[in-house]
Amino acid sequence: MNSFGRIFRVNIFGESHGEGVGVLIDGVPAGLPLKTDDFLPDLERRKGGQQKGTTPRKEDDFPFFKSGLFNDKATGAPITILFENNNTRSGDYAKQRAVPRPGHADFVASKKFGGNEDYRGGGHFSGRLTVGLVAAGVVAKKILGDIKVEATITEVGGEKDVEKGLQKAIEAKDSVGGIVECRVSGLPIGLGEPFFDSVESLLGHAVFAIPAVRGVEFGTGFAAAKMFGVEHNDAIENAEGKTVTNHAGGVVGGITNGNELVFRIAIKPTSSTPKDQFTLNWETNEMETFSVKGRHDLCIALRVPPVLEAVTAIVLADLMLLEQQVKRII
Amino acid sequence: MNSFGRIFRVNIFGESHGEGVGVLIDGVPAGLPLKTDDFLPDLERRKGGQQKGTTPRKEDDFPFFKSGLFNDKATGAPITILFENNNTRSGDYAKQRAVPRPGHADFVASKKFGGNEDYRGGGHFSGRLTVGLVAAGVVAKKILGDIKVEATITEVGGEKDVEKGLQKAIEAKDSVGGIVECRVSGLPIGLGEPFFDSVESLLGHAVFAIPAVRGVEFGTGFAAAKMFGVEHNDAIENAEGKTVTNHAGGVVGGITNGNELVFRIAIKPTSSTPKDQFTLNWETNEMETFSVKGRHDLCIALRVPPVLEAVTAIVLADLMLLEQQVKRII
Amino acid sequence: MNSFGRIFRVNIFGESHGEGVGVLIDGVPAGLPLKTDDFLPDLERRKGGQQKGTTPRKEDDFPFFKSGLFNDKATGAPITILFENNNTRSGDYAKQRAVPRPGHADFVASKKFGGNEDYRGGGHFSGRLTVGLVAAGVVAKKILGDIKVEATITEVGGEKDVEKGLQKAIEAKDSVGGIVECRVSGLPIGLGEPFFDSVESLLGHAVFAIPAVRGVEFGTGFAAAKMFGVEHNDAIENAEGKTVTNHAGGVVGGITNGNELVFRIAIKPTSSTPKDQFTLNWETNEMETFSVKGRHDLCIALRVPPVLEAVTAIVLADLMLLEQQVKRII
Amino acid sequence: MNSFGRIFRVNIFGESHGEGVGVLIDGVPAGLPLKTDDFLPDLERRKGGQQKGTTPRKEDDFPFFKSGLFNDKATGAPITILFENNNTRSGDYAKQRAVPRPGHADFVASKKFGGNEDYRGGGHFSGRLTVGLVAAGVVAKKILGDIKVEATITEVGGEKDVEKGLQKAIEAKDSVGGIVECRVSGLPIGLGEPFFDSVESLLGHAVFAIPAVRGVEFGTGFAAAKMFGVEHNDAIENAEGKTVTNHAGGVVGGITNGNELVFRIAIKPTSSTPKDQFTLNWETNEMETFSVKGRHDLCIALRVPPVLEAVTAIVLADLMLLEQQVKRII
């Protein structure tokens, strides 16, 4: 399904090399102040072409508002934002139609959609779609108010020193993966809805919508599996729920406990690598050597932080709107 | 929300020390053969008290069918299954009301539900609720037919030799965590729904509904973040999508690619440990020493495999039902 | 789908002659006071066998609470209520398996569910299922607080004098239909969610879940189609939205306007009539004379008021919970 | 919520006098042939200004496809269609801001959205939004294939002779209401999902999203309330479910029975009438005389048939997609 959320509901549409990409957001509280300038910083952060290791494709990524805003405020009706595709070079991809790229959705998309998918540049599976997520994230962050969502790259190509990791990739003439960590401060106690909509469940759902994500862990995460109970448990210090340690990463029983929310995602190396690879040729039905000629990121993880912040804010804004309702009626 | 799924829809209810726990399953195809005996093996696997490191609490876990079955087949109407709570000792917990147990939902539940939650034995947050998941999983596995879902413990307390890990816990008189891996063979190509309902998104959502899960990773997972692109990419070998390696764990672009689905979850050490701990006393508003007296698992990970299989089957059955519909209409 | 609602979510299960029927309600605000006695009056009103024209089948209709209540309050977890079927005489129906009763779901259910449906007494299609609706309605009414929901029979067999209409049926030895009107006072302005979840849309959805409903109209309803604009428009009198007339029935643009909500539903004559009828015999594949021997209501409309109140309260409680959240965040 | 449907999912956006209006459709089967020309006939039918009694506002109503189509086929990704607003005269409305028009959403929208709504021309509440419905209906009709959906005006201003009804309105210099009937032939037996998603429930839900609808009735409808059971019951004639009469209008127990689906909706007289009316002035807080100067339809019912066909097709396409899945798995 191309939508996500219960109250704050995000719908993603578009293709990499079609007319454009965009987002339709339902459930935005009327009166929320929103203007074009609010969107530009995160959209700018998501863009490639500005740092070592990212693709030179530079879309303007200007948000065209088609509905839901009036006098620089949300009206309560759905907000539709369109981003035009201006800078596409479909020729790069068309000739590769017969050769499904390893690590990309080319093969599965063709099987799933019977060959009817827009295959150019990955079509609906392209990372370009995340521009709509980032726009929705800007709206979500506004709803969150003083709650601060911040994602940073903590590792590239196995190196904590990110520059060093990138240098490794450049030297190897290959792409590399990385780790992105997200921290959220200022959250109230009590967000998350048992049994299925725990904070981890919803964030887990959302982060795997970001292309190239291969894992997610909360707090101490996979390392917790190697710990003793007495080590891992966070002793509760005071009535506000502050804990002495934060191995839980701010979520216990699926519910925020008032401490900092901390989680990490693993990003695989960009599937499009400058290296020669083997893959099937659908026409000959034999494997052949293949090499990517398009513009691509050496390390897609570099572009993930604003996208991770966006999906995190989307999940939390929805939970905030839901939680208000739980408290209020009695 | 206490429900999950689009077509095959699972609703979980109940409390650890209330009348019982159970599951209501909507969307089961009429005619699916189902009888009590089908449920017993997985329910038995989930039970504690039978192996070193699990709690001696032994509920009968007998499934009482309240609706949806007729002549040993699904009728197409919702299936309701009730499990009675016979073997509860609430006294163990009532006296601890003032002392929210570290690592448990006691504190957050009280804040979220304003003190109205059934706090006995963790109430609705208890691992006992997973018996309903396992029952739904049995139905889901029937829908999956020849698709085989299998979860195994691959690590306990940091040891690949699980016995050794348990021994460590017993010696330390403390609880330990573990890793559980799930493998699914026989899946068709094409399951998963862009943009938000990728296979990883839905499984990520579902696995974090299992208490104590702290992370999930697909295929090579977190290790992928340290790899080069040419290493990680799985070369496609033939028109059925078989790949030479399976770093992707059977999912590319969020869609099953016909290879074995492989993922792992990290389980934290059981929060209830025999060791002394510190926590807040709500009445005195001061921290105090605290020790768990109830019956608990030293390694909750040991009981997770049938539960992980269940949520996996639930997700895949739903995607199978959805996918059929995509293919058929044109 | 056997569930309905976004925040206050009702799931109906059971069969007429199976183990029982019931309801699972998710999204009930924690702390809402609820005890068995709250449920008995509406359950009693729904029961047959107490007035001229209703079936002599008398189930106890005692609500067994299986989850979600603790110390006579909602816990915030799902509330499951079970009603046992004690007073069934399946023999009445089994012999009619070959003869799908006209006006009943026997034929369509068999086609839809491939003959696997529980056909005894209409199975999942039986009016008995409405006992769960009534129970959910009691919870919804509690959420509504001072908002008063009241349904009354306004017409039976074409007669405004209901007694006279019933007498007509008794004399004709046939069943008759009727009209039930629902009025809700004390509603705030602003309930209803464009574009698809107008108050009329949600109520329209809900009322057609009640068996035997054939139409619904709001305010002046079908008569509005014969009016001029200047006649039909309700002039707004004051800043609280009071209108001089109430042709709109309290809903404008799909949103409550603060005036009394008024709507009516048309109930067809009970399909089971004592009269001889023609229908197909599936075994002979020929039409044959057929006569109903079971216990049935001469006028099912008589039992509809508490059910109509229930679905109305369910819709409005859900909208109240949703609306609170819209107002609050800015 | 501005979305509707489970598999075939329609999202409506836009405002009467903003950038434009449109629709995002998720769940369209890949490969469905779709081109601009397919949309023009129904869009043309919906347009005003071409017959006596409809508004002279003529938007081009040209569908701009922003996503989801490739090589004149659905790709399986969401289809986004935008309609530009070119022919707006907001001046007409801006000056009326202080005077909420009787029968319009002006008053309730302002209360609900705290004055932040786009009030120009009714904003998101405008009938202009139905252009998106009609576009989604075209896609739905394609999915339905040979199933034929046809809506016709059967009454205007109380007259079966529609011309006569319109003449009455013109002479009275007032707006009038009407009745629109929809008939669907070629439906399979078995569409509709108990307990809450009966065919009537879903159509009831959908039709009340059309502005100005005040009632809906199936088959004999409200007249059924005056009938005896033996009169109303439709005798089943053969194994294909053909009935001798069709009082049920093709739906029994909420499920299609293979006969023609027949239902009617009541449309109120256009709220904007040339006649003088009374209403509140928010600034003076007193009632004042008021007269509509904008361009409006004398009988909005005239424009409803293609919209009614559209929502009907939307509901049925969704049920078709769902039903396929029910049948197939065993």
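Just so it is clear, A, B, C and D label the chains in written order, and each chain counts residues from 1 on its own.
Here is the rule we use: a residue touches a chain if its C-beta (ideal position, glycine included) is under 8 Å from a C-beta of that chain, and two chains touch if they have at least 3 such contacts.
By chain, UniProt protein names: A, B, C, D = Chorismate synthase.
None of these values were measured; they are calculated from a predicted model.
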Exercise for the section: Could you tell me which pair, A-C or A-B, is linked by more C-beta pairs in contact? Expected result: A-B
Problem - Contact-pair overlap exceeding half with B-C, pair selected from B-D, A-D or C-D - result: A-D
Problem - Inter-chain centre distance, subunit A (Chorismate synthase) versus subunit B (Chorismate synthase) - centres from mean C-alpha coordinates, in Å - result: 25
Completion exercise
The distance between the C-alpha centres of subunit A (Chorismate synthase) and subunit D (Chorismate synthase), rounded to whole Å, is 37
Handout entry: Between subunit C (Chorismate synthase) and subunit A (Chorismate synthase), distance of the C-alpha-averaged centres to the nearest whole Å
Key = 44
Practice task
Send over the residues of subunit C (Chorismate synthase) in touch with two or more other chains.
Solution key: 1-3, 6, 12, 30-31, 76-77, 112, 114, 124, 194, 326, 330
Exercise for the section: Over in the complex, which subunit A (Chorismate synthase) residues touch subunit C (Chorismate synthase)? Could you list them? Expected result: 6-7, 29-32, 76-77, 143, 194, 320-322, 324-326, 328-330
Handout entry: Residue numbers on subunit D (Chorismate synthase) that touch subunit A (Chorismate synthase), as the complex places them
Key = 1-3, 9, 11-15, 18-22, 24, 26-27, 30-31, 65-68, 70-71, 73-78, 80, 82, 112-114, 116-118, 123-124
Handout entry: Touching residues on subunit B (Chorismate synthase), where the partner in the complex is subunit A (Chorismate synthase)
Key = 1-4, 6, 12, 100, 102-105, 107-109, 111-112, 114, 124-125, 129, 155, 157-158, 169, 172, 174-179, 189-190, 192-198, 200-202, 204-209, 211, 213-222, 224-239, 241, 243-244, 248, 252-257, 266-273, 275, 277-280, 282, 285, 287, 301, 323, 326-327, 330
